[in-house]
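Take a look at these structures.
Consider the two complexes below, in which subunit A is the common component and subunit B and subunit C are the respective partners.
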Partner chain A sequence: MTRTTRLVLFGIAAAGFGVVLAYGLAGLPAFGDYQGVYGHVIDGIGVTERHATDLVTAINFDIRGFDTLGEEFILFGSVLGVVLILRQMRGEHDRPRQHEADEHTFAGASEALRALSLAVIPAILAIGIYIVVHGQLTPGGGFQGGVILAAGPLVVFLAGRYLRMRLVAPETLVEIGEAAGALGYALVGLSGLVLAGVFFKNFLPLGISGHLLSGGQLDVASTAVGLEVSGAFLVAFSEFLDQAIVVSGSPRS
Partner chain B sequence: MTILQIAALAAVAVGGGAVVAAGDPLRQTLVLSIYGMALTMLFFVFQAPDVALSEIVVSTVGLPVMILLALRKVRQHERAQKERDEQ
Partner chain C sequence: MTFLPYAIAAWLFLVGLYGIVSSRNLIRAILSLTVVQSATYVVLLGVGYSKGAQAPIFADIPQTSKAVDPVVQVLVLTDVVIEATVTAMLLALAVQAYKRFGSLDPQDLRAIQD
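Here is the complex of A and B:
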């Protein structure tokens, strides 16, 4: 195909796309003009029926908790894929240990950076836990808090100490955490089925709106998801770090 | 639409273009995480703080780290290949 033919083809396609796009954009509702019913219903029942002030969490972990179960196992499955693809192959080997066996210091990690990392870690962990347990009260919840928690051990790596990071977050522990979180969320749903007759039925006492322990299963589900997400991200991080830093040589075909 | 929302939309439009225009993957990663900040602002001013919270961590910590590590691995591989060719 010559350059001219390609340009002509592109021109026709672009013109057609432009017309359809313009037609579609012209038919859009006005900015902020919400036509759905679902949103207004949720707005109305969130506080009265679920005692939750953050409706996004109420939707994610209760009203459409079943979808979240699927999403959770998408994350679980993709991390499984990462582990499978990045496993150590024949022909690859761990790089020989240096004389400072427990350290793996990078050039460029200054003392100031290390001190700052040390100061930042407790703050990151505190924010992460806060976001996880306040899911039903303020924006945030298991997923957001979980990712923030996973960033904590990563800061140890940013301070230039990869092998230390493995001490802070050992592989077995993060893998167990991830699996336990995924299982925990599924159990929240199953316990609804067993004890109240409906999958993901929020049967726990709802408590007082605005209190830390309110919203029934929301807190439990949020904690389980937080555990799963932080575990998943840490597993993925350590697989990538292993490949980039510890493993050398290329796989034999 | 408020001024803040228009500004955030403009920042996302410019940022997305900048990521594509950056070319070199290493620089692209850094531009990408700045673009992630623009997206975070966008979600925030459009009243989706839950999404903004996810976006800020994923785009500034999660994604760049994984891309950087993958780049490092690719370069190691290329260097090893070159050494083998020279021998």
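Here is the complex of A and C:
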């Protein structure tokens, strides 16, 4: 199929689809005129029932905790997929260990960028941990904080020290962290089943709203998810960076 | 302008689809897919918005304040995570396609042409 035929076909299909889409969207309530029920119910009882002030986290890790389990394993599975797709093919081999000078050339990092990168790493890690553990109080939680935490070691790469990054965040340790996070979240659910009788039912004391240790299982679940997300992203990052920096040779079919 | 957010969502969806169809580079096609997915964020957040309501964070507002629907916000969070995983998988496939065919142009993927 040529490019022109493809675009013409798309034009016809998109016009038809656009009409149906507009018709469907026209049936929605006007913007700002909220018709739902669950939103008001949860806004009304969330703080009293869960002692959490960020209701998004309360839904994510408690009220809809079971859905998040599925979401978490999608992340886990897709990172496994990335590792599998980017595995070492026949005909490919790792480049011999490079000199540090070559690494710097690849990343193109100046001395000033390197110094700044190393200086911001502690700040990035502190913000990441803050976001993970304060999920039940203010916007944040395991997913958001986990991504920030994964950015820490990535800054070592920006500083032109990719091979050093592999020392800071060794693959085995990162993979164990990812798996432990996934398992930890599943264990939160199972503990609810064993100790409170229902899968993902809160089994920890709720504490006082607004305090760091409040919201029952939210903090535990958030920490497990933060560990899993940062591990998952680091595994994916290093798989892609390996392709650019470490792997050489072309695959034979 | 009560329909503006939905119009933006429809536009994002269609412009992203056009990006996928017209791409001569797999990376551009993958990024266009993320544009399509971002249409769903706009729809979800638009559906949950209620006029004059605040964010569903009761850290510094009274518990009785009117707030928007937090459920759709959680769905958007899920959506973002799924988008990141899908993008990672597709980029990995693009890396392998480049290795095998020496090109990122979808037209050059011989296995598809045969």
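Simple rule for what comes next: the second predicted complex is superposed on the first by the 215 of 253 C-alpha atoms of A that agree within 3 Å, B and C clash if a C-alpha of one lies under 4 Å from a C-alpha of the other, contacts with A are read in each partner's own complex, and residues count from 1 in each chain.
Rule of thumb we're sticking to: contacts are C-beta pairs under 8 Å (C-beta built on N, C-alpha and C of every residue); 3 or more make two chains touch, one makes a residue touch a chain.
On a predicted model such as this, the values are computed, not experimentally measured, just so you know.
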Query: After superposition on the shared chain, which partner residues are touched by A:Pro139: those of subunit B (first), subunit C (second), both, or neither?
result: both
- request: Classify the contacts of A:Ile131 with the two partner chains as first (subunit B alone), second (subunit C alone), both, or neither.
  value: first
Query: Does subunit B (first) or subunit C (second) touch A:Ala22, or do both, or does neither?
result: second
Query: Is A:Ala14 in contact with subunit B, with subunit C, with both, or with neither (first, second, both, neither)?
result: second
Query: Touch check for A:Phe31: first (subunit B), second (subunit C), both, or neither?
result: both
Query: Where does A:Leu241 make contact in the superposed view: on subunit B (first), on subunit C (second), on both, or on neither?
result: first
Message: One more residue to check, A:Thr53. First (subunit B), second (subunit C), both or neither?
response: second
- prompt: Just subunit B (first), just subunit C (second), both, or neither: which does A:Pro170 touch?
  reply: neither
- request: Figure out whether A:Ile148 sits in contact with subunit B (first) or subunit C (second), or with both, or with neither.
  value: first
- prompt: When the two structures are laid over each other on chain A, which of subunit B and subunit C touches more residues of subunit A?
  reply: C
- line: Intersected contact list for subunit A, partners subunit B and subunit C 31-32, 54, 56, 139, 143, 236, 240, 243, 250
Task: Over in the complex, which subunit B residues touch subunit A? Could you list them?
output: 1, 49-50, 52-54, 57-58, 61-62, 65-66, 69-70, 72-73, 76-77, 80-81
- prompt: Tell me, which parts of subunit C touch subunit A in their complex?
  reply: 1-7, 9-10, 13-14, 17-18, 21-22, 43, 46-51, 53, 55-59, 63, 66-74, 77-78, 80-82, 84-86, 88-89, 91-93, 95-96, 99-100, 107
Message: Please output the residues of subunit A touching subunit C within their complex, sorted ascending.
response: 3, 6-7, 10, 14, 17-18, 21-22, 25-26, 28-34, 36, 38-40, 42-43, 46-48, 53-56, 58-60, 64, 67-68, 71, 74-75, 78-79, 81-82, 85-86, 89, 137-139, 143, 210, 229, 236, 239-240, 243, 250-251, 253
Residues on subunit A engaged by subunit B in the complex (per definition of touch): 31-32, 54, 56-57, 131, 139-141, 143-144, 147-148, 150-151, 154, 233, 236-237, 240-241, 243-245, 248-250
